[in-house]
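Once you scroll down, you'll see the structures, which are given as structure tokens.
Below, chain A partners chain B and then partners chain C, in two separate complexes.
Take a look at the complex of A and B:
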């Protein structure tokens, strides 16, 4: 088991390295940071001094090494717009994004897995067909349209939910949940569809197995069959798709936070793109990509626990 | 995820009648194609008839809700939303199709290379893993923020995100085809590598590529609309569906129709393309159990 984790960690290193190089080069392509820092009126001597101070006169390889060392210490440089440390700006926004992502993942799994199992249970009748059509349709509606539909229905027409904004946890759990309901549903729409499809497909495959027939024949209740045999054996693809789908959640964060005006990392991304604040964009891309890599790493480890055959 | 049998092309050639019969019973394919044709007709009509000018501003009719005169209402400059949506169809469909085509071409080249030339397989696939690790919207936003917003950069930015998925599919097909007798025979006869790859392997991949390419096109349209909606997509003067909706963001409380109607149209178009993809998959490979929907 430890061996498996070790090799899997080793496999993640090139990916992390490649992403870092890409992100470093990205900042390079974005233009000379000195020019954006000093403005147009800087003298040649000033530029040379700053370049030396920032290490820009050293070879690119050395610059990359010193940059990556700083990054691993949490130093992503200074924002070109606010002149604050980038990591401070990003970490201040993490609360809203983490809350939204966690509620989305939990809500999606709670809805999608039973939905998929239910569809598989009623395979080939109208319940299944309804759920499958719902999934095809759900995959086609963009997250922001779902978001605005929810705002229109629950905030404007029915006035049940606050329209926009965020209440941090220290203002009370009730307020926090109330502000997260609509964004969570909007962001979950695609994720639910994804998980439900895989759950259904996996469950149908398992339901054809002989041991299911045996279990039913010896009189195991339907609930027991599903809990003990179907869900357990369909778990690997479900866990995998949750890992792959994290990319969808990260994309959803950017869109949903904009629609619902949540002060999170996603909105920060859009703000910095519009202001061309490259160090911040760089930090956010690194953060999102590493999150994706490490969640998928965790997923691999989890399913090697679920299914010992994969370890070899 | 998408498993289309390698030899289906030949099967289609052998039994055109059965193939046609399957086509007639293929509800997804027919429905998807019908809706898409409808969109194309609307697009052509919008340009030909020019019933309402999408740029015409009528100050007396600002922010009118949907009515018989303005089906989808009007925006803050009094422009007719329906006319704008109809005219925007071409840009939205074109960006989706172009991004998918570009992604398929680049992805196929990488996939063929990685699958056939084993020495560069490791390198190519690690790069693909790297691209996959960055969420598509981030790649697109970063590219556009560096290179500026134009149709070319937007198409390129969206295509980059799709390359790894296509490369993976093509690579795995090539790997399984390497063992096929017809490929081994070609190798024995001393055919050059390019001929083996292009003449013996590529045709076997086309069916699965068409299916994945359709899904990729649907996804590209969603991504384009999302980018434009966020203000990081095509320049705002091009009336794509995303740009029309971006206009409605600050006015949503008083004029929700600016977002909801184009959003519904976008969802229908993407749904039609997804159905087309499902239909193509069933058409090419009737043996796939319909479990992977």
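Take a look at the complex of A and C:
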């Protein structure tokens, strides 16, 4: 088992390397940062001076090497706009994004998996149909619509929840949760639908397996059948979709943070894209990409924990 | 055993006038109709019948495991005085696995793949008994049960997952689960059908032993009269959902009272159905296999290479025109691999395969179309060897068209072949799902014959069929062989089929041919140890022959 994890980690190294190169090259291809930074009125001399100061006149290979070496030391450079260290800007925003992603994932799984199993248990009768049509509806409503609806209902009409902003954990758990409820629900809607549908499909397939009949034949209760036999054997596709879903969450934070005015990495991304603050964009994209690579790695490892047949 | 039948005791199970309705639109109204029989303690009752006879439905009804589309509509199932059709779900759960347990046909799929097998046995104990923490930790009872069903090194194997065990071992785990709480009634639904003969013999012996030790009554569902002859005290014969006959096993087997039972018994392949086969000595050879080997490199780690697996190891055989050669052996013996090499479906790693003079060095792997024409194959599962989206006609002419036969000519020939195998020309326009298993196998035979082959390879071609259908297909093959001077290479695990149809026989074991010669000689006087063991393990081997 440990060996399996070790080899998987080893396999992730080239992926991480390729991702870094891709991030760097794509941004270089997107245009000269200096030209857009200085505007159209800049003289050629000004541009050249700044390019030299930023090292942009060196060969791309050298630029990449010096950038990656700095990245290894945790130095992502200086923001072109605020002139603050990039890593400081990003890390200040991580709290809100991490909190929102985490609550979304946990909340979605807690709602979706039982929902999917419940639908599978009652397949083909009205309970199942109700859940399935609810899921279809949930999938067709965009996150920002759900978001604004929640704000209108709970913050403006009922005034139960704060409409905007974020309270970090050190200001108390209660406040933290209160600020996250609406954004979490908004962002979870798509995610819940996705996981619930896959759970339902997986469970229905497993329910037709011979070993479910065996479990019933030894007198296991329905709850026990679902807990020990159905869920465990349907887990692989569910974990897969959760992994994919986390990727969706990563892109989803951009919208949700804007709707709820949360000071997170998502909004930082938009701000820096609009301001063409390249060092920040680079850092954020690297962060997202690495997270995604490691989520995939985690999913692979969880597979092998869940299904002994996948282990080598 | 006979004492139990002789002195009347209170029955463990009494089924009275049980009727189970099929969903509307089925080919008949009832899956099971007016079925009544009883089982006494220490008694083994076999329910025999072909597919669709309702034997499995009856056994599932006792366990309350019927599919939701099947509804019991009449009668009662009395188990120690209680009607199982009327008890609450909770009461039924309390009985299942405890007083009433079941073993299923497919040991490969009956165990949860994600749970260690020891834990699955323990599951029965956890559901029905209060286990202390110490008991859970030491797993005394689990290991004891595994020893009881003869699983080697229980401590080690209990920590394995089902896919790491053999089919026989998995079925033993199932038996351990079923017997964990010493049930009053054990239902075994074709528990040995998916197993090799030697494993089957061991499992049957196991069930008999444990049953006698713990006074368990056994309801044994099977399609195999050999198994009946080996273990049954009493027999219930079913057809189309009704009981046609029941009585003491000996009496039913020796002097059946119903026509249906008589026809079933007559259809069982074996020596009694063998027609005299005389093969002239001067007919030319059609197939010569010389030193054939096929090995697979196992997928190892990139730093460590495993030794290759030798599926077939230095096999040499010859066949003459019009001859039937049966290759018998257990799963994994390499018999199918030989067939596939001869047919050219896989390339051997060594040796020569010579077909009617058209020499082919096996190693170079060159295929010529003539060879494909000369050698045709029929597979085990007729349900899966026809494309479900093609009409039978399309499947039939595909091969001929590839050989350059014109379309009208191919259709013409397909039509006459359909008649030859006992189907109508109009069948060409229909789809495979509109035919029964036996009819589909006839279509596959017709398709093979459309290429005008000299050598027909039948890989377990009748193993998936009911006995009566099996008898018809075997008769068809014999007739075609005679008419067309076909040579047939018959791959089978069923020794009865082999003894009925073959001129010569090759016994394979672990990739090698251990014995090869005239069929009757080998069957009556096997010289190799393994052949002897294999023949003795066949259920009811000595009963009809």
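List of remarks:
Rule of thumb we're sticking to: the second predicted complex is superposed on the first by the 281 of 312 C-alpha atoms of A that agree within 3 Å, B and C clash if a C-alpha of one lies under 4 Å from a C-alpha of the other, contacts with A are read in each partner's own complex, and residues count from 1 in each chain.
Quick note on the criterion: contacts are C-beta pairs under 8 Å (C-beta built on N, C-alpha and C of every residue); 3 or more make two chains touch, one makes a residue touch a chain.
These figures come from a predicted structure and were not determined experimentally.
On the superposed chain A, the two partners chain B and chain C both fit, without a clash.
In the superposition on chain A, contact of A:229 is made with chain C only, not with chain B. Contacts of A:217 after superposition: chain C is touched, whereas chain B is not reached. Contacts of A:22 after superposition: chain B is touched, whereas chain C is not reached. Judged by the number of chain A residues each one touches, B leads among chain B and chain C. With both structures placed on the common chain, the touch criterion links A:83 to neither chain B nor chain C. When the two structures are aligned on the shared chain, A:307 is found in touch with chain C, with no touch to chain B.
In the superposition on chain A, A:140 contacts chain B only, with no contact to chain C. Closest C-alpha contact of chain B with chain C, superposed model: 6 Å.
Interface residues of chain C facing chain A in the complex, by the touch rule stated above, are 63, 65, 93-98, 101-102, 104, 106, 109-115, 123-124, 127-128, 161, 163-164, 174, 177, 301.
Looking at the complex, you find that chain A touches chain C at residues 209-211, 213-221, 224, 228-229, 232-233, 235, 306-309, 312. Contact residues of chain A toward chain B in the complex are 14-15, 18-19, 22, 26, 29-30, 132, 135-137, 139-145, 148-149, 151-152, 156, 163, 197, 200-201, 204-205, 247, 250-251, 254-255, 258, 269-270, 273-274, 276, 278, 281, 284-285, 288-289, 292-293. If you check the complex, the residues on chain B that touch chain A are 126-127, 129-130, 132-138, 141-142, 144-146, 218, 222, 225-226, 229-232, 245, 252-253, 256, 259-260, 263-264, 266-268, 270-271, 274-275, 278, 289, 291-293.
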